[in-house]
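Several structures are given next for inspection.
Two complexes follow with chain A in common, the first pairing it with chain B and the second with chain C.
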Partner chain A sequence: MNLKNLFEGTTKADRILFIVLIFLSFSGIVFMKEVLPEGKTVRIEVNGHPVYLLPVEKDRVVSVDGPEGETVIEIKNHKVRITKSPCYNKLCIHQGWIESGAIVCLPNRVVITIGNHKENPPIPPFDKGGDGGIFDIDAVTG
Partner chain B sequence: MQLQDKYRIALLSAYAIALHGFESLLPTPIPWLKLGLANIITLIALLLYGIRVAITITLIRVTLASLFTGTFLGPAFILSLGGGVTSTLSMWFVLSISPGLLSPIGLSLIGALFHNIAQLFLAYFLFIQRIEAILLISPVIIFIGTLTGTVNGVVSGILLKDLKKADKKIQNENKSE
Partner chain C sequence: MDTLVTISVVSDSRDHAEKGIDAAFSEIETLEKLTNFFSPDSEISHINRNAGISEVKVSPETLELLDKALFISKKTEGAFDITIGPVITLYDFYKKIKPEDLELKKKVSFVNYKDLLIDRNKSTVFLKKSNMLIDPGGISKGYAADKAVETLKKLGIHAGLISVAGDIKAFGLRPDGRPWRIGIRNPRIPPNPPLVKGGGGGFLDDIMATIELKDMAISTSGDYERYFILNGRRYHHLLNPKTGYPAEGCQSVSIITKEGVFTDAFASGIFILGHERGLKVLEEMGFEGVIVDSTGKIHITPQIRGKVEFKKPV
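== the complex of A and B ==
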């Protein structure tokens, strides 16, 4: 039995329906990918407290203050790195760009993770939970 | 309804249950992705015997198959009941407003589409109240449904042809007797 026999009885309406369905679902897939965010976020914690929850799509530079001083974090092209840290061995800076997983800077108590963080509602960009002046955060850009 | 028809309806229900059960045993890359093989039987029943038989077979299949697989009254049961009934009714609706417009393949596509739409609605209202997740998954499900719907339609077409041939044979034999 060849392939033509299988589709012998099809009508014009059949073919139009098929093409419309394929077209609609395909454009739907593309459209949804464009409209909805990937859902990946960058979460920055200082001293165990979440400080920032940022979308990974948006390039920006963020600085946070830990116990040792200022740590500067850069988000670019869906990747994250630490560009400036007050710690002595600079392990966090040597780790370079990450696309997934985490960067941990123990001396300055900074933990950066990339993933599908499901905080609901999203954490505000600064910690209002009055732990004193440690969490004096300011965004450098963006 | 002739006795022969009753036998055939019972047989079709049994086939539908077997296909439904077989399908739920198949491992699939995504848990709720199914081939919808039982829709072949529903479509054949609809075209040969009409809506009442088709809906009866659908109800028998969904109930019994879920009892066999241990999902009776669970989420999977509600989803397959809603999907099955909606798809049967949609195929009947299209068939009754314009018979001959669509071949079994087109009807199968309609059935698959409405099966998926009903399941997505049910999933949204009953289980996953996250519209963005449903919207993200809908086109993918409808796309896969179109492909499996085509395959099911082709199989239904072949089976229908064979059944009609067999019917003629039986009638000829009866006449000659």
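== the complex of A and C ==
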């Protein structure tokens, strides 16, 4: 069935209605993508402690200190990867980018998950970046 | 200063920010060279070597630091005493060594800020008795934070955060237009993983409260910083200058006021005074403070209520 057959026997009003419906469904998709948040977050845990809960939409690089040393995590284009790790086998780095699921670095006890994390971390850490997020502390005295 | 220093500045230009940060670090290094207790070339060591012998001409910075130290000693009734050197050197908090009582008693007799004589006109300092030692460890970090901020301001930087270990000075506002937000560590929850970044790393479970600061300094002295436990007793570095033993009235003391030199030294002094006398001194000075006493109870100055946010209601 080509386009000509499709429109055979339809009135002008039918065709206008058809175009309006197509427009509405596309604008609905745009609306959903632009207006409603995706809600996906990147949760980074060190030694069982939640360290960061970050929106996956915002590109950034964060570093955390595990028992073995520094692990560097990159969030870009809604994906996450580990770019630096003190672990001996570097399996976490070789895993590359993930869009869902988890990266686990056992030697440095770093666990990164992407998902719809609903929890407010019971023990929220702070974000050295001071970007106004929920973990927003600039320094610690004591 | 045997510690980590972090400097953050707010600027439109990376070059400007980097120049400011370099200049601020350089200022801190200069002060370090002048006041390092352990370096034989520092002015402080020079004064110490000449204790009971002769007065020593010093730089305006060292003179200012010692002058402020004496002022704080007077205000804290000698609880903060920069001549604590002979006693503090008897302890080794890493090797868990505490001095014998007799030795301690002997050395305490050399601790007295009244025997530190400053001649402002001649820019000289003299320790009256031989065996006296100035240890600026309880004041030099806050002073360094003040001087670093001064340097940044001279270079046209209007906002930033300097952290010399736990001595923090915040000036101007953050890039998001909000005051700088500082966490106050819980004295009885060890950091996990350790706080390794000199006031810049850690987790909120180690933090008992947060406070927003603009153009203010904050310092905390706690019995958990350098300590060891021996026969059930906690030996920490906040020593009572009159006895030579660690003060027992508090777990931690945080002080907030404009000058880092005051927050640093008053935090130690008020820790030693205890919360009752400490709160009176804070009121007299017009400073703010958060004191955790030896039972874990939190005492705060009236003006700070509402400005400091505790994880648990106080």
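Here is the rule we use: the second predicted complex is superposed on the first by the 90 of 142 C-alpha atoms of A that agree within 3 Å, B and C clash if a C-alpha of one lies under 4 Å from a C-alpha of the other, contacts with A are read in each partner's own complex, and residues count from 1 in each chain.
The definition used in the following text is that a residue touches a chain if its C-beta (ideal position, glycine included) is under 8 Å from a C-beta of that chain, and two chains touch if they have at least 3 such contacts.
Being a predicted model, the structure only gives us computed values, none of them experimental.
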Inquiry  = One more residue to check, A:H49. First (chain B), second (chain C), both or neither?
reply    = second
Inquiry  = Per the contact definition in the header, classify A:L106: touching chain B only (first), chain C only (second), both, or neither.
reply    = neither
Query = So, does A:T10 touch the first partner chain B, the second partner chain C, both, or neither?
reply = first
Message = Let me test your reading of the model: by the given contact rule, A:G66 touches which partner, first (chain B), second (chain C), both or neither?
response = second
Task = Under the touch definition given earlier, write down the residues of chain C that touch chain A in their complex.
result = 6, 8, 161, 163, 166-168, 170, 174-176, 178, 180-185, 187, 192-193, 195-197, 199-207, 210, 218-220, 222, 225, 252, 254
Query = Of all residues in chain B, which touch chain A in the complex?
reply = 100-106, 109-110, 113, 132, 135-136, 138-140, 142-143, 146, 150, 154, 157-158
Note = Given the complex, residues on chain A that touch chain B span 6-11, 13-14, 17-18, 21-22, 24-29, 31-32, 36
Inquiry  = Applying the document's contact rule, which stretches of chain A touch chain C when the two form their complex?
reply    = 46-47, 49, 51, 65-67, 123-126, 128, 130-132, 135-142
